[in-house]
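Quick one: the structure is below, questions incoming.
When the chains are written out, they are named A, B, C and D in that same order, and each has its own residue count from 1.
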Amino acid sequence: MTNKRKIINDPVYGFLSIEDDIVFDVISHPLFQRQRNIKQLGFTYLVYPGATHSRFSHMLGALNLMKRAISVLRSKGVEISDAESLGVQLAILLHDVGHGPFSHTSERALCNVHHETLTLLFMQRLNSEFGGQLDTAISIFNDSYPRHFLHQLVSSQLDMDRLDYLGRDSFFTGVSEGIVGTERIINMLNVKDDVLVVDEKGIYSIEKFIISRRLMYWQVYLHKTVIAADNLFYSILKRARQLISSGVALEGYAPLIHLLSNQYSASDFMSQTVAADDLLSLFASIDDSDVMSTIKVWMHSDDAVLRTLCEHLVERRLPAIKVSDTPFGEEYVASLRGLASQQYGFTDDESALFVNSGQLVNHAYTFDDSQIKILYKSGRCVDISQASDQLDRPFLEKTVTKYFVCYPKSLHINSCS
Amino acid sequence: MTNKRKIINDPVYGFLSIEDDIVFDVISHPLFQRQRNIKQLGFTYLVYPGATHSRFSHMLGALNLMKRAISVLRSKGVEISDAESLGVQLAILLHDVGHGPFSHTSERALCNVHHETLTLLFMQRLNSEFGGQLDTAISIFNDSYPRHFLHQLVSSQLDMDRLDYLGRDSFFTGVSEGIVGTERIINMLNVKDDVLVVDEKGIYSIEKFIISRRLMYWQVYLHKTVIAADNLFYSILKRARQLISSGVALEGYAPLIHLLSNQYSASDFMSQTVAADDLLSLFASIDDSDVMSTIKVWMHSDDAVLRTLCEHLVERRLPAIKVSDTPFGEEYVASLRGLASQQYGFTDDESALFVNSGQLVNHAYTFDDSQIKILYKSGRCVDISQASDQLDRPFLEKTVTKYFVCYPKSLHINSCS
Amino acid sequence: MTNKRKIINDPVYGFLSIEDDIVFDVISHPLFQRQRNIKQLGFTYLVYPGATHSRFSHMLGALNLMKRAISVLRSKGVEISDAESLGVQLAILLHDVGHGPFSHTSERALCNVHHETLTLLFMQRLNSEFGGQLDTAISIFNDSYPRHFLHQLVSSQLDMDRLDYLGRDSFFTGVSEGIVGTERIINMLNVKDDVLVVDEKGIYSIEKFIISRRLMYWQVYLHKTVIAADNLFYSILKRARQLISSGVALEGYAPLIHLLSNQYSASDFMSQTVAADDLLSLFASIDDSDVMSTIKVWMHSDDAVLRTLCEHLVERRLPAIKVSDTPFGEEYVASLRGLASQQYGFTDDESALFVNSGQLVNHAYTFDDSQIKILYKSGRCVDISQASDQLDRPFLEKTVTKYFVCYPKSLHINSCS
Amino acid sequence: MTNKRKIINDPVYGFLSIEDDIVFDVISHPLFQRQRNIKQLGFTYLVYPGATHSRFSHMLGALNLMKRAISVLRSKGVEISDAESLGVQLAILLHDVGHGPFSHTSERALCNVHHETLTLLFMQRLNSEFGGQLDTAISIFNDSYPRHFLHQLVSSQLDMDRLDYLGRDSFFTGVSEGIVGTERIINMLNVKDDVLVVDEKGIYSIEKFIISRRLMYWQVYLHKTVIAADNLFYSILKRARQLISSGVALEGYAPLIHLLSNQYSASDFMSQTVAADDLLSLFASIDDSDVMSTIKVWMHSDDAVLRTLCEHLVERRLPAIKVSDTPFGEEYVASLRGLASQQYGFTDDESALFVNSGQLVNHAYTFDDSQIKILYKSGRCVDISQASDQLDRPFLEKTVTKYFVCYPKSLHINSCS
């Protein structure tokens, strides 16, 4: 037996076991360990106190589901070589390794690079450290591996990522209605003509999965108070950038200040992946704690705008938020800014940081390459929209868009929160 | 404290507590205790081995939810007197007391009386035994009590009956996807203009409830193997009636034989509710064990048809079943009967008992008096079909109908089971 | 793929899967299917309404744990051949196949043969039907197979039987404190010198297991109201035997009446295992429903004693019961019988059936061949009583004995129930 | 209805509801909100990835249990006035408000003041802000309120604190064996002669509670890898203090640096509770994120010792740890330090920071004022050690002491980890 065999307790699945040395080594790597200090759901814990779970736990959880999926598929006669098995495990294990502080929340605010781009860069760096052992994982991840269904297990509308995060986020938020029949769905997985499919018996579970996912969107991921917190956070980072670019020297965690002093793009990251002291390492050195601690430092900034915004976040005096099926008029938003301006004595531009508007969009299902296919006993294979009696195409195609505006609670607008 | 205060363990909710003497006395009554030996889901335990739970446990569970609902409504300022509280508790406690063996399964086969009619008769008998203490409960149950929302708590599309049975059946079958956010839904209940409503925040939970209920229908209540078992059971009782009416003296539990020797209607039951030795008592004396034991006796009947049918049920050699979106043609069914006839050497009429066809119908939601209303903060109150972004009227109105035919597995038809 | 691959929902573990044809065939056999109608915990459902689960579900559950144990042991380098794996699976699957109605409850009352003896007879019969495919299973079951640890997985103080029933009974009764870390314990299993052991890391789990088991004994298996119900049931069968032996012709399910008309011993069962219509088949034809239905018939017996006892059980007017650390004196029991005699107008002998006394014994742990061994990393292997800081030998050796007397509730003795 | 009524999702209990304005206001206060960023179990999340839950969630959870306890006690006739009810709720809500970063872990390292002392100071400050509304809460907390059992609900061997943390820590670590029958225990609470007692029926639950607590100690709270992480953390803070006192200017979060530059005692805190900018506020401004972010800054310190220690923590290269029933000799520890000194090229004093030894102590139960009393139906009231058949005084009195030494993994000592 290898010394590296390890069993880890996980409240969602009971136990996770790690058998392969390379899997163990990847998990032990500092670039992976940093995800212990990155919350899976960003500021959601301000609304759901239990949701402090880390992206680290999600990545291990997704690995666990991948192992079960491989075992089910093999038991149905789908041939998966040991190298492919290890590759697809490493691909799912690392699928989120590029996330920065507070996961999605900081994505557009720290640097304008999609986390999947960063994930690939991290994977490549690890691959060179581990002497090419991640080659298969990378090709599965970026869909260049010949067997497409392996990529679909990592990234599609029924991938192990989604199955884990829906279950896990439901577990830690306590929104028990989001629970998905993960075990049953995985038991129903199959492969037909190199496409990941679901056995006929799993139709109702898939319907339930789609509806649960939608519920989680509106009840958790797009929860209006979470949106309000996110917008407050964006305003903080925006103000910090404004101050820095106007020559103010802000205190705080150096790598964070550095990122906010520049506007890095994906190409900046790619051009520097070799240097020891590079941009990728700098990015990797920032986690939730650095951002929060820096914001607490800024509570004592000379700039009243930054100070006020930071106080609001740290003391959880979150903005009020209104949500509507129709957009809020420019005038209405302007009037709120006026009120804020009046109350705080800030300029119009400054007040704009206290009143944010935007839209929330969710579609239950996407008609693209990642569709969910149902496999009948007859061998016929159709999209879930055709297989389901109830969730037909018009239902699934529907995109729900809502509009929000958030503003300081102290304005005492007649809110429907 | 009364000596009758009692705490009962329940695997679904943890603990059920009984505080009122009359509630304790009703539960202790033999007419209530008999439900301990009646399975909540009839022959479903032949498919889901865990589903051996009794109607007794469901009735206590629904009582438990009712108490929570009362407490939530009172905390929101809905006035409910102690007498009303007790009345609605007794109404839900007794709402299923009229069920016979195997719950719904035997309903059409033993005597042609709906279980709600029998429930009312049982309630009236108990009421006279308990000196009128069930007056309020009965008027709430039959909707003659002035405050309509109390009836809705007992019987509507969001009543405590449904909330308990969906959760309980999901728990015992192990079909975890059927889990409903019971606690959240109850927390969202409210009353507006004497109508039971759901607070705006509960919309997604209601959507989820409707979808889960549908899933439970197709995955459990109308599971094709359960349908096959039910049809086998009907054939047994039908054959027994045929034999008795042709003069054969069948052995077995006397009250059961008596019911099968007659065709009682609701009026027969009503005309005899006073006599000690009446039809209602006779009906009440039959539970699952009597039916099963009698069927085991019939395994040794002189009649080969009855014998064979009973063997099939007892040894769980259930019929094969095909389900289709379109009806099976007369000819096809006839051909199956022909094959059965050939195999067993029975007459055509006899073989008809081995080949049953029929339809399975489910609608997600019913547009009638029992609709689910959503209450907005503004005070506006609309049907869930209007409040939901996704579950609109066309979706909810849809009725799904499927057709089935079942036949002995030994026929070796090319089945898609 | 074989057509017989099957997935069964189980509320305790989620899913049970069956892959081998012989396992599927054994489960489908009528001698196995009959366990669907035998409650795992006898009359316990009169106290814990959820405890209606069948021995069938326990046997499948134990099979499921066995598969996990095999997989864990193999992953630790313990070599188990496919034949051994199948053998030990079949052994655990069938380990309780000899149980009669209400499991342990009827064991001493119907015929004086231990259920393990009957299990072996059933296994031998199945083995001859299945052409010797159970040879290995039988030798593992009766400990004649050379590798002893396989037998220990089936029968020892840490066998899969115990692990399943503690978890399952805890689940269905709702006594959540009985929950055992089944998954962790199985993960900690190992084999050293052909002895089943537990890895060092599992010490606390084993301590917890021993304490939980003890809790389940006093809170469930020896719950005083369950004991009262059991004693009432024994009195019923005893009275029935008395009447039959005195020439009274009792109605009821024929095989049950036959057993009560005779005093069969193990040798009677063994001498007849070949004939189609033998004693073993007769025994196998009786399940819970036949016993209950017959008792309901006896509610109308001419004998007032039998009638009264049966009414008490069916209407759940269970005896009152007193439990004490010291035995109840002969005189006290006699005085209770006198009171009962007075109240009912029965003779002394008859009244003795209404007043039962006896003792309840539990030891947390047994120092015999089935001890639980802890394996240290150093390779050292010691008994749990030495390995545990807290559960030392004096603690574990302690036998707790309590004394009970039960009597009709209507006697209105000053009881501490 | 007040606008402040609020329902919060909690994964452990489902829902927490807040009804009283003062409770809502206390929870909203920044001194309370800061606990959102303090992990309940310090560095335990490095071993159990799910254990990222906050002290905030524990404090709300304990409040929830307190409400249930009050409701149970009132239903048993214990009179508790509304003011007392609110007082005891606020007392439990605030019982941990004095915790600093990483809860217990930092307690001895940041300043030498017990968290209960700080809690009282925080409560007093809040009380003056809220105009004396916490008077009753404070007197219950410090046991000066006349009715002693109220204090016992907040602080004793069966308080709501313990019941919540055992259940919650078990939930989030995934150590399911730690689960305690919280609901049952609360249902069994009673008061006799102003002492909190447990009804006789709860004996087995209490036994289980004591055993589970012990299991949680060894499996979680004193888990050896957690101890290793804690010791690494202490060494970091110790080194930081050394450097600061020798005149090195360390970067990092200012309030943290300030605390490490001084040796404050309880009297320092007490003397300054009035000033706005005082020591208590300074302490309150530090949470987990500031400590972690500062440690990450120190990874680039000029001091190689500090740098190395910080790298070990951040990259989770935790020390190896040996645990033994007997103390490790001075010589052995010195030899380990020698090895470390050799490997790193540090002085002996510096190396001492890499090799820590100490002891771990747990007693299952304490015989003091906080004992658990069992109330018999007869009215007699005895200690659990007398009431329990199995957990007698010698068992409960036993103190288990273990000894540990931890050292850099890279030393490659033959460890038994």
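In the analysis below, a contact is a pair of C-beta atoms (placed from the backbone, for glycine too) under 8 Å apart; a residue touches a chain by one contact, two chains touch by 3 or more.
As the structure is a computational prediction, the values presented were derived from the model and not from experiment.
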{"item": "Result of counting contacting C-beta pairs for A-B and B-D, higher pair", "value": "A-B"}
{"item": "Numbering shared by both copies at the subunit D-subunit C contact, with half separating same from different", "value": "same"}
{"item": "Euclidean distance of C-alpha centroids - subunit A vs subunit D, Å", "value": "31"}
{"item": "For subunit A paired with subunit B, centre-to-centre distance based on mean C-alpha positions, whole Å", "value": "43"}
{"item": "Geometric centre distance via CA averages, subunit D-subunit B, whole Å", "value": "50"}
{"item": "Set of subunit C residues in contact with two or more other chains", "value": "14-15, 175-176, 183-184"}
{"item": "Of all residues in subunit C, those that touch subunit B in their complex", "value": "8-12, 14-15, 28, 30, 33, 36-37, 39, 45-46, 48-50, 52-54, 56-57, 60, 171-176, 253-254, 285, 287-294, 296-297, 314-316"}
{"item": "In the complex with subunit C, residue positions of subunit A that touch it", "value": "1, 7, 14-15, 17, 19, 75-77, 183-184, 187"}
{"item": "Partner subunit B, residues of subunit A touching it in the complex", "value": "175-177, 179-181, 183-184, 204-205, 207-208, 211-212, 214-215, 218-219, 364, 377-378, 389-390, 395, 398, 400, 416"}
